[in-house]
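A, B, C, D, E and F label the chains in the order they appear, each numbered from 1.
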Amino acid sequence: MLITKRVEFSASHVCRSPLLSDRENQELFGAAANPYGHGHNYAVEVTVEGNPDPVTGMVMDLKKLKDVIHREVVEVYDHRFLNHEVPPFDHIVPTAENIAIDVWQRLDLHLSKDGSRLHAVRIFETPDLYVDYFGGAA
Amino acid sequence: MLITKRVEFSASHVCRSPLLSDRENQELFGAAANPYGHGHNYAVEVTVEGNPDPVTGMVMDLKKLKDVIHREVVEVYDHRFLNHEVPPFDHIVPTAENIAIDVWQRLDLHLSKDGSRLHAVRIFETPDLYVDYFGGAA
Amino acid sequence: MLITKRVEFSASHVCRSPLLSDRENQELFGAAANPYGHGHNYAVEVTVEGNPDPVTGMVMDLKKLKDVIHREVVEVYDHRFLNHEVPPFDHIVPTAENIAIDVWQRLDLHLSKDGSRLHAVRIFETPDLYVDYFGGAA
Amino acid sequence: MLITKRVEFSASHVCRSPLLSDRENQELFGAAANPYGHGHNYAVEVTVEGNPDPVTGMVMDLKKLKDVIHREVVEVYDHRFLNHEVPPFDHIVPTAENIAIDVWQRLDLHLSKDGSRLHAVRIFETPDLYVDYFGGAA
Amino acid sequence: MLITKRVEFSASHVCRSPLLSDRENQELFGAAANPYGHGHNYAVEVTVEGNPDPVTGMVMDLKKLKDVIHREVVEVYDHRFLNHEVPPFDHIVPTAENIAIDVWQRLDLHLSKDGSRLHAVRIFETPDLYVDYFGGAA
Amino acid sequence: MLITKRVEFSASHVCRSPLLSDRENQELFGAAANPYGHGHNYAVEVTVEGNPDPVTGMVMDLKKLKDVIHREVVEVYDHRFLNHEVPPFDHIVPTAENIAIDVWQRLDLHLSKDGSRLHAVRIFETPDLYVDYFGGAA
């Protein structure tokens, strides 16, 4: 059984790597490499796996799930310029892929216990582009 | 190959267990434990697995799929107070998790035959909270 | 210039009038007359009219708008059985039309001041059914 | 008769006024005043009024409508940090209200001719917050 | 007070006028002029104006509203090639504008009586393109 | 890690098999067997599996992904009557299932290379009906 909670945050980012030249960044990322940055209303879907408790009928305490996601992800990312304000994006390109890995690492310890397990993190950069990460080798 | 049909119904429920005290229910479920109940526009996504028929190009007869879901789920749940009117929710908390298990049990016999197999039931309690159930150990 | 803020709440209701017989209620409201009630994820869109302030660029302080809607509407309606817990729905049928009028009355005094004016209240009962109320003769 | 075309762009902005102190900006705009900026997937709905041509059945040439919106709005705003890269937001706070006025001014001359007239500009900053501007006194 | 009901239908159409040459049709409508046709999941929003009845709380009988829209619009348009099967589109281009006028004419007599009045018809050709018609001079 | 790009196209189709009689087609497909055809705004979600590049942070070059999908799918299907204009639908029923298989075959060679692999194709015929195909035995 899987349970998924969706939250949203607004942030800005630049897609450019310090390991590439300006021209390489431009060719690879196009307008997303603009150094002033641009932004998105990101959506995050966090999926936890477990069995519903016979008494409560819940895979995990839903209020705790919401609290953890808010404290560990929304409060960290919301209304931020990711490259400048949210490590590790000072040295890693904040693509949707890398955001998914970072969100996983922020949540895994808190959600994988007491019989439940973090199963997946989905990041929507726009409604038409999203990534899924399931932990392990990225 | 998977095919998924989505339907919606409106129902009300209370999240409280007779095995817990009032205080425990309140702490666990918060406002959802209010005994008068509250409601949702639930969405159900039913996924069937199979191979498309070489002649018809369909995994299963789509009209039959719609008919079964309407008869076995929508007509049973729609415009009902689940705890009072839809067994087993007289003695089981109607969380999204338990609704998914009940929908599975209502559909499995009808959809797992003639070369197709019920693969998953997804229940959206709100657009921001959903569960997936794949049968077997819940 | 209009600015619109959307919020959601979950509630249950029964559509039946004490002035009508059981049979009349059933004929008029169908399944919605079921006395146990049923529920919806309601969405409320509150629209305020005004001119943006030359310094702040805002029609009204957005945090105040959100706070008023939460305090006067969401906290009152959310997770409630409207007929039993939210006056005036003890004696008025909680159709979307009457909810819109009640929401207007709860908000008008708070939003129609300091150069702005409550312009419209839209209530979605489902994504496919909504009403708009602009104040005055209902 | 009205026809409305919706487009989207991704941009970042800061909500702070040079006419206010840091503390005033913080109190007024909260997290949105963070000087690094944050971003949104903005949606723009452009509404044109006119009568459908008896031969073509169109209020205006739809390809021209799309072209004008892309050239005058999307290409200017998309993947930009509005305060730093898109005048007049170097000296005006890029609230949704002010963006709507600016979009109107960029489009009005191009769309109000040949029997049609720009009727409204709607800006969604998020799916839950939008403004409408109809020209004239803002 | 306005109440709006939304329905959907799937149909195909060609945008070309018999009064124009092939080349003119191609230049004006582009790919939409392809004579084999193409299709859409159209959405129709029908808005009725009136005052809620003091006893029932409804602007008009909601079941009647749904029945009229289904009988007069959905059953006529759904799963049809509009140019070939739904007059007047044998001689009028089925643009969203002209569909809105035709839907208005099919509904007006049925909805403008008993104290209510047809207020608007909105046709979504795609989620990003819609028209509004309010009756009278088109 | 999975990355998914969504695109849309508008097309029309008929669901009828030349191997079945008129009556069989009518019984099986209902209104969808109407020989004039009807249409949909189809959505296609293409999912690619891979590991994000340590320098670029991307599973694959996003611009290439978009270009391939546009060239191989959107340009082929958009504004077409599938049975008449897009092989193999001259002899195979264009159900959502068969469209998913055809889209897979058009994309697999282009996306399964350089360390990434086509993982899934999802086709939405309407928002309430979709299929998933993962390659191999259909």
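FYI, a residue touches a chain if its C-beta (ideal position, glycine included) is under 8 Å from a C-beta of that chain, and two chains touch if they have at least 3 such contacts.
Every value quoted in this text rests on a predicted model; they were computed, and no experiment measured them.
Novice: Check every other chain and keep only those touching both chain C and chain D; list them.
Specialist: E
Novice: Counting contact pairs by residue number and requiring over half to coincide, which of C-D, A-D or D-E is equivalent to B-C?
Specialist: Selected pair, repeating B-C: A-D.
Novice: Looking at CA centres, what chain is most distant from chain A?
Specialist: E
Novice: Centroid of chain B to centroid of chain D, CA atoms only: how many Å?
Specialist: From the centre of chain B to the centre of chain D is 42 Å.
Novice: In whole angstrom, how far does the Cα centroid of chain A sit from the Cα centroid of chain C?
Specialist: For chain A versus chain C, the centre distance works out to 34 Å.
Novice: For chain F, jot down the residues that touch at least 2 other chains.
Specialist: 127
Novice: Can you give me every chain pair that touches, using the contact definition above?
Specialist: Listed in label order, the chain pairs in contact are A-B, A-D, A-F, B-C, B-F, C-D, C-E, D-E, E-F.
Novice: Considering only the defined contacts, which chain C positions touch chain B in the complex?
Specialist: Residue positions touching the partner: 8, 10-13, 31-32, 34, 36-41, 78-81, 84-85, 126-127.
Novice: Across the complex, what residues on chain E touch chain D?
Specialist: 15, 17, 19-20, 28, 30, 92-98, 100-101, 127-134, 137-138
Novice: In the complex, go through chain F and note every residue touching chain A.
Specialist: Contacts found on chain F: 1-7, 51-52, 55-59, 61-63.
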